[in-house]
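Per-chain residue numbering starts at 1, and chain names A, B and C are given in the order in which the chains are listed.
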Amino acid sequence: MWVKLWVVLVLVVPAVLTVPLEQSIEAERTRLKYGGAPLTRAVRASVGQGMAIALLAGFRGVVADFVWIQSQGFWERKEWLRQYRNIELATTLQPQSVLFWDLAQWHLAWNIGYAVRTDPANRTAAVGIKREREWQERAREMLVRGIENVPNRYELYFTMGWLYWQKLSQWQSDGFCRAAEYFGLAAAFPNAPTYVGRLYARALEKCGQRQQAYEYWKMLWADRGRLHQLPSVVERELKRLENELQIPVEQRVFPEAMQP
Amino acid sequence: MTERVGFSAGRVGTIALNTFTESVRQKVYYILLIFALVVIASASFFAQFSFSEQLKFVKDFCLGALSVFGALIAIIGTAQMLPAELENRTIYTILAKPVRRGEFLLGKYLGSVCLVAVSLLFMGLMFGAALWFKEHRLIAEALAMAESTPADELQHTLQQIRAEALDPDILKGVLLIFVKLALLAVVTLLVSTFSTSMVFNVAVTVMVFLAGHLRGVATEAWGEMLWVRALLAIVPDLSAFNVADDIILGNVIPWGHVGKVALYGLVRTVILLAAAHLIFSRREI
Amino acid sequence: MDAIRTENLTKKYALGWRRGKLLALERLNLRVHEGEVYGLLGPNGSGKSTTLKLILGLVTRTEGEAWIFDVPCDQVASRLHVGFLPENPYFYRYLTGVETLEFYGRLCGMRGAALQKRIDALLELVGLARARDRRLAGYSKGMLQRIGLAQALVHDPKLLLLDEPTAGVDPIGSRDIRDLILRLKQMGKTVLLCSHLLAQVQDVCDRIGILNLGQMILEGDVRTLIRDQRRLSFTVQNLPAEGQARVEEAVRAAGGQVIAVEHPQTTLESLFLDALRKDERGMRQHD
């Protein structure tokens, strides 16, 4: 009897004592966004029974990878809606994965988009274009969610800018301006690669904000010593813009390149 | 006569070393060969995916397998310890010497933890080799396409491959896996202090393992009931140790957090070890 | 000072829920004097092993008390001078003979050269010098019993507890172990052994106690106990037939009774050992 009482004391009392530590760990996990979305019944049902057990045992990454790899098979069999479903599931399982969001929009807007536009089943070309635009819209929505989940990294802003530049600008008059907006957000991250900044400048120009573009190229020139920056490209663009904008010679970075 | 026999770290070490040697000679490490297959497979397939995907797969699969096989070694290695001692009557010969029961139990546990640590070390080395191999292959592939890539983009790609392949933060993940396995081992040890069947030990530990991961889900579902909360508090929260996924995704895991989780594991381990000692010191052998 | 002393030592085992208790040992008062070989006899389940386990603190006593060299047996220090050989020991199958003794030696706080020297001497004593580097998985039953004895002796204890030391061992091995016990006695050790093989106990023990159903039913000096005070036997050689008739006549004349006249029989054991000794190929080496 005494033993039992002791065991209860030894098990229960300290377990209660560790509760504050547990709560503090849990709070930190939430703050640092570990673990991802809660494993709701819907998520568990959509991965299947075996995978659900793996999920519950803590192998979230492995399950997400399997779902992701499976989506590749759907792509090969042209089962786009199922591919879409799996891609969404993978991003739901690991919403902190920049990789999944990034590749998700690429699959939707680029691969599936092109495939549905050129689908021989389309009655007319207009049908193909309509379908492509729908998939591009899905890609955009996906990236909005991605940015929501990983707002503190440059990658998804850059991807969104690229989506606007390459795809959405075809139908949207402010496409390049939106691209510039996102490139600008991405370029502001100190660890963003140098080409993000150059794309930002170009997007500004395409948006019609040539003066701002010029100012940004000048800033890049001032920063030309940065690793992997391409000074020759910056120089060429600056010279062109200085001529096109007819910058007064005393304000130019390259006065010697002035054209009459 | 006033001879006294105090607690001796030397005897604990002797028993731990003996336990470790015994497991090694029983070829428990054959399980590591299966791990090697997982590593090789994960490093050789998936060439049709991008380099970031390939590296993510290698890391997810290898760390997942490391965790599973580590758990197998921790649970099976510990579950058979006391039943085997009782069945072979070796425990009589040991406890008939001037050895405290606490020393015996701690020695057994440390031997088991040693085995887990060495297994993790080997698996970690294999995992590292797989990443190294993958990194070099991906770099070679990237360089092969250097012609068509702008210089700064290529540089950025190479830099990214290196950074993703050799992320020292993965060690934090492995460390917490180790703490979790040590905790699992002590759960198994505690169960085996009052049962005599290895199958029972394994079954109960696996249930605790699942319950420990399900705590979050269960608290959400039935958390309003106080007695459910109290019941759940007894089971250690094992999901706290799962940071490997987040590390692979590039989430920042501060050392402060790692330390706190490790401390949690240690406190839980000590509690369970004390409980195991309490039961074992009164057990009829 | 007694090597072992128990007072009203009682053990009840719980049989499980609602199945009551088993009285394994009832009010045992045992005294084993220093330097003697004491044999605890009894059928299976009579409480012999329980007695040993109680003395070693492996099970908790229900009532009564026990001391080893006056140290209460629930103290770890009581086991400083005890060596124990359990029934049918297995040991760690993957250790060699030397490693096994190293392990047990270290548990007793022995280290280094002193331990190595002790191990060499012990392996010599129990006749396992040639099998020292073989793993125990490959040992025969008799060899296991002998490594078990070596393990019990590793820290040179004053008292030895042996549980069925000759069970399952062939007659040669069994005789070896018997000789070893006698040698230990000469070295001044105290031995408490449990057995149900009575012939062997008779040869080595000074005193015996017989347990049945957890109670001591008979105890005393071996020679006194087994001597039949009312009967006498002569063993004679080369006696002709008429001589035999005259002897019987003389016995009757003196008021005695002749119960049996027969040729003495050798024991099967000595027949067996004799046959092996005469075999020209010699005897199997034990290691």
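What we mean here is this: contacts are C-beta pairs under 8 Å (C-beta built on N, C-alpha and C of every residue); 3 or more make two chains touch, one makes a residue touch a chain.
Keep in mind that this is a model prediction, so the values were computed, not measured.
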item	value
Overall pattern in which the protein chains touch one another (line/ring/star/complete/other)	line
Of all other chains, the one whose Cα centre sits farthest from chain C	A
Centre-most chain [mean C-alpha coordinates]	B
Whole-Å gap separating chain A and chain C, where each centre is the average of the chain's CA atoms	81
Gap in Å, rounded to a whole number, between the CA centres of chain B and chain A	34
Mean-CA-position distance for chain C and chain B (Å)	47
Residue list for chain A, restricted to those that touch at least two other chains	none
Contacts with two or more other chains, residues of chain B listed in rising order	282
Footprint of chain C on chain B - complex, ascending	1, 3-5, 8, 10-11, 14-15, 18, 21-22, 25-26, 88-90, 92-100, 282, 284-285
Residues of chain B defined as touching chain A within the complex	46, 48-50, 52-53, 56-57, 59-61, 63-64, 67, 150-153, 155-156, 209-210, 213-214, 216-217, 220, 230, 233-234, 237-240, 242-246, 248-254, 257, 260-261, 263-264, 267-268, 271, 274-275, 278-279, 282
Residue ranges of chain C touching chain B (in the complex, touch as defined)	13, 53, 56-60, 69-71, 75-77, 79-80, 82-95, 99, 103-104, 106-109, 148, 151-152, 155, 161
Complex contacts: residues of chain A adjacent to chain B	3, 6-7, 10-12, 14-16, 18-19, 21-22, 24-26, 28-29, 32-36, 38-39, 56-62, 64-65, 68-69, 72, 94, 96-99, 103, 153, 193-195, 227-230
